[in-house]
Amino acid sequence: MSLLKVEKLSKEFGGVHAIEDLTFSVEAGHIHSIIGPNGAGKTTLFNLITGVYTPSSGRVLFQDRLVSGMKPYELAALGMSRTFQNLQIFFNMKAIENVMVGSHLHLDRRFLPSLLRLPSVIRKDRQCRESCAGLMEFVGLVKYLDADAASMPYGALKRLEIARALAAKPRILLLDEPAAGLNATESREIDEVIKRVAATGVTVVLVEHDMKMVMGISDHITALDYGRKLAEGTPAQVRANPEVVSAYLGAHA
Amino acid sequence: MTFKTARTGGLALLAIIIAAAPLGFSNSYFYDVAVNAMFNAIVCVGLNLLIGYAGQISLGHAGFFALGAYGSAILTTTYGLPPLAAMVLSAAAVGLLAFVVGRPILKLKGHYLAMATLGIGIIINIVLKTESKITGGPDGMSLDNFSVLGFSIVGDRMWYWTVGVLLVLTVWLALNLIDSPVGRALRAVHGSEVGAEVVGVDTSSYKVLVFVVSAVFASIVGSLFAHKNGFITPDIASFFHSVELVTMVVLGGMASTFGALIGAVILTLLPQLLAAVEQYEAMILGAIMMGTMIFMPKGLLPSLVASVKRLGGGR
Amino acid sequence: MFAAFLQYLFSGLTSGAIYALAGLGFAIIYNSSHVINFAQGEFIMIGGMASATMVAQGMPMPLAILLAMLITMAVGVALEKFAIEPARNSDVVTIIIITIGASIFMRGAAQLIWDKEFHSLPAFSGETPIAVLGATMMPQSLWVFGVSAVVIVALWWFFNRTMFGKAMLGTSHNRLAAQLVGIGVKRVLMASFALSALLGAVGGIVVTPITFTNYDAGIMLGLKGFSAAVLGGLGSGGGAIVGGLIVGIAEALASGYLSSAYKDAIAFVIILFVLFFMPNGLFGKRGTDRV
């Protein structure tokens, strides 16, 4: 079943059509990649799906439920999680606390009990700390368990954001250029992490420029250009599509 | 040192200091200054939740303090309510005002938020000065003692112990809040609002929550201050007072409850120590504000802790 | 009826002109450094106090005025160099506190150097009121309008016709690009503070014969100037001018027709109104965050 559906989605910024009349869907359990040249609108698309932007027209459906226009924190409650192209790490907190914030919705968040430090709050917090340490291990950040987020290298922070997103126990995880700025080794590590995530049953939607990674990992690809859908299909299909080729390499047929 | 030991140790140390300090007090003047320092400390612990932890700013918090003070004054003197009820009612009213005003204001950021809170504080100040039929205008209002069920708090010593207990309680509550999911969500809002939003934190609501909490703290202290002093004027709502409060928080250390406490104590004691050079007081305060922010932007306590860490083994 | 309205209008335009100059000062500094200079009002105060006390001690007025302007400009440059420049990469809250600290410092210094008394300057061309359509206007008000207009035209010429002025504009639009083409950003910053200080001083000097001045006068003037800048749209010079006039006239009309006790509150109600409903002001630019 289509976990996520985008129907005739459009977004304009003062005359610039960042996304125009876009329709596609993501199947549950898939790794679905969005590709396209710079400026094609990929991050805008993510921001539209995750509620950071409101669509100018069109709809987004998650689990067959209309979600366009909902705020990001409401979408998180429905099981949607994401990472950012420009890291949005909480540098004022420790690494493990970053991940713990990820499970915010699963913790005892009541004000008075927190103020009074009731046992239920403490217990859930302790469990949270343990499972978040487990998540940091899962993404390969064991050696940063006690570190401050501000002291971690870029590559590790990208994985920390993924751990945080996973702490929310999402049904669908949107990764915005997880390999951006990483070298070959780090990219391979992220690749492994993504495969592990997908293996747990989480649907993954990926925006990425690294074609090798995309072609190797995806079940399905949607290609964008100038905010419109250029092509879609399996990696083999998309790779062979002449329009995709010319959009990336320049029109020369 | 883990957060847990730091906090239990800190609380214990605070309690010991409060209990032992009077041994060095030779007359009630000391008690008086100490009580004022503790009053400021309680307000600053609350304000620090807003500024240091949630990363917002308020240049109008003296307004909430004054509303608490005047609320108690008006309700007890003009309407004859018992002091405790007046204090609670005032705090509730201030909380409501902070909620109503907070929602639109906290959508603003940085300079705009600072100016909006400044505007609110000054408007409160002007209203208190102008509506003299209700508030006594620039000449102020007087109040009776604070009493609960016939038992009155009279004299500097009684106030000292009462407020001392209140301070320890406040710090305990604040520390609890910070080390909880709510506290982490607040700090996350400071770290990255959109990052917090996508993991389910309703950032607007959390910002309003901490704004209301800090306003209520200020209001309660305002009420108690009014009863202790027996007399209040609209000056307590001045821009200068709001600035003093913010300076206390940033001086001691933002995102540090004990830091805010220390900042409050230092800036309350400073004018006493500088009594001889009173004419330089404004210049010194201004210089402290500039100096701290330029050379120790994280505030006294975190900077000290950081240098101790570096000296003690470079971990 | 009409005469009363006109009276309030003149009064409002006079104070509005001062707010406009203060608002322009805010705009210039904000444009070059994204700093809201809470000490802007103190520039107004220093200009007025310095010139008033020097004249009271026997200095010829033109000389006193010139010196006062230079002194204020020096204070502005010192502020930039010693308080703003070292903290250039800090966050907003930090810088706000620095400029507030600076304004408190300056006020404390003013208390010491001069005193707490009110001071005044003799009116530039006498005190005979001029009758206009049933209302009266002080000749000094004409000076206020005239000087403000000259200053504004001079500024326009500076920013649009001189090399350095254009460099300043360029820096305000894109600091990095300006640096890359060789514009001395530090000098631009210093110049913007000097310029804003000058604007403040001029306003202070020209209005002191009417309103008197004392060490405390800067706070309200500065905050109302800020109100003007926000109303006009932070960063828009023309907006600050329009904003200042609107604030001044609104104050005068409210004070005349509603209640003079709440006169000071008007500017702050305007700030709140603008921040809630049109945070970009009348002429400001709209922006979105890139995530």
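Remarks
Think of it as A, B and C in the order they're written, each chain with its own count starting at 1.
Keep in mind that, in the parts below, contacts are C-beta pairs under 8 Å (C-beta built on N, C-alpha and C of every residue); 3 or more make two chains touch, one makes a residue touch a chain.
Everything numeric in this text was worked out from a predicted model, so none of it was measured.
Distances from each chain's CA mean to the overall CA mean are smallest for chain B.
When chain centres are set by their Cα atoms, the one at the greatest distance from chain B is A. Averaged C-alpha coordinates give centres for chain A and chain C that are 48 Å from one another. The centroid of the Cα atoms in chain B and the matching centroid in chain C are 32 Å apart. Between chain A and chain B the centroid-to-centroid distance comes to 41 Å (mean Cα coordinates, whole Å).
Each of residues 52, 84, 88 in chain A touches at least two other chains. Across the assembly, chain C contributes 291 as residues in contact with two or more other chains. Those residues of chain B in touch with two or more other chains are numbered 55, 194. The touching residues of chain A, when paired with chain B in their complex, are 50-52, 71-73, 75-77, 81-82, 84, 88-93, 97, 100-105, 107-109, 111, 114-117, 121, 124-125, 128, 164-165, 167-168. The touching residues of chain C, counted against chain B in their complex, run 36, 83, 86-87, 90, 92-98, 100-109, 111-112, 219, 223, 226, 230, 234, 259, 261-262, 264-265, 268-269, 271-272, 275-276, 279, 291.
Chain B meets chain C in the complex at residues 51, 55, 57, 59, 104-105, 108-112, 114-116, 118-120, 122-123, 126-127, 129-130, 194, 239-240, 243, 246-247, 250, 279-290, 293-294, 297. Looking at the complex, you find that chain B touches chain A at residues 55, 173, 176-177, 179-185, 187-188, 190-192, 194-203, 209, 255.
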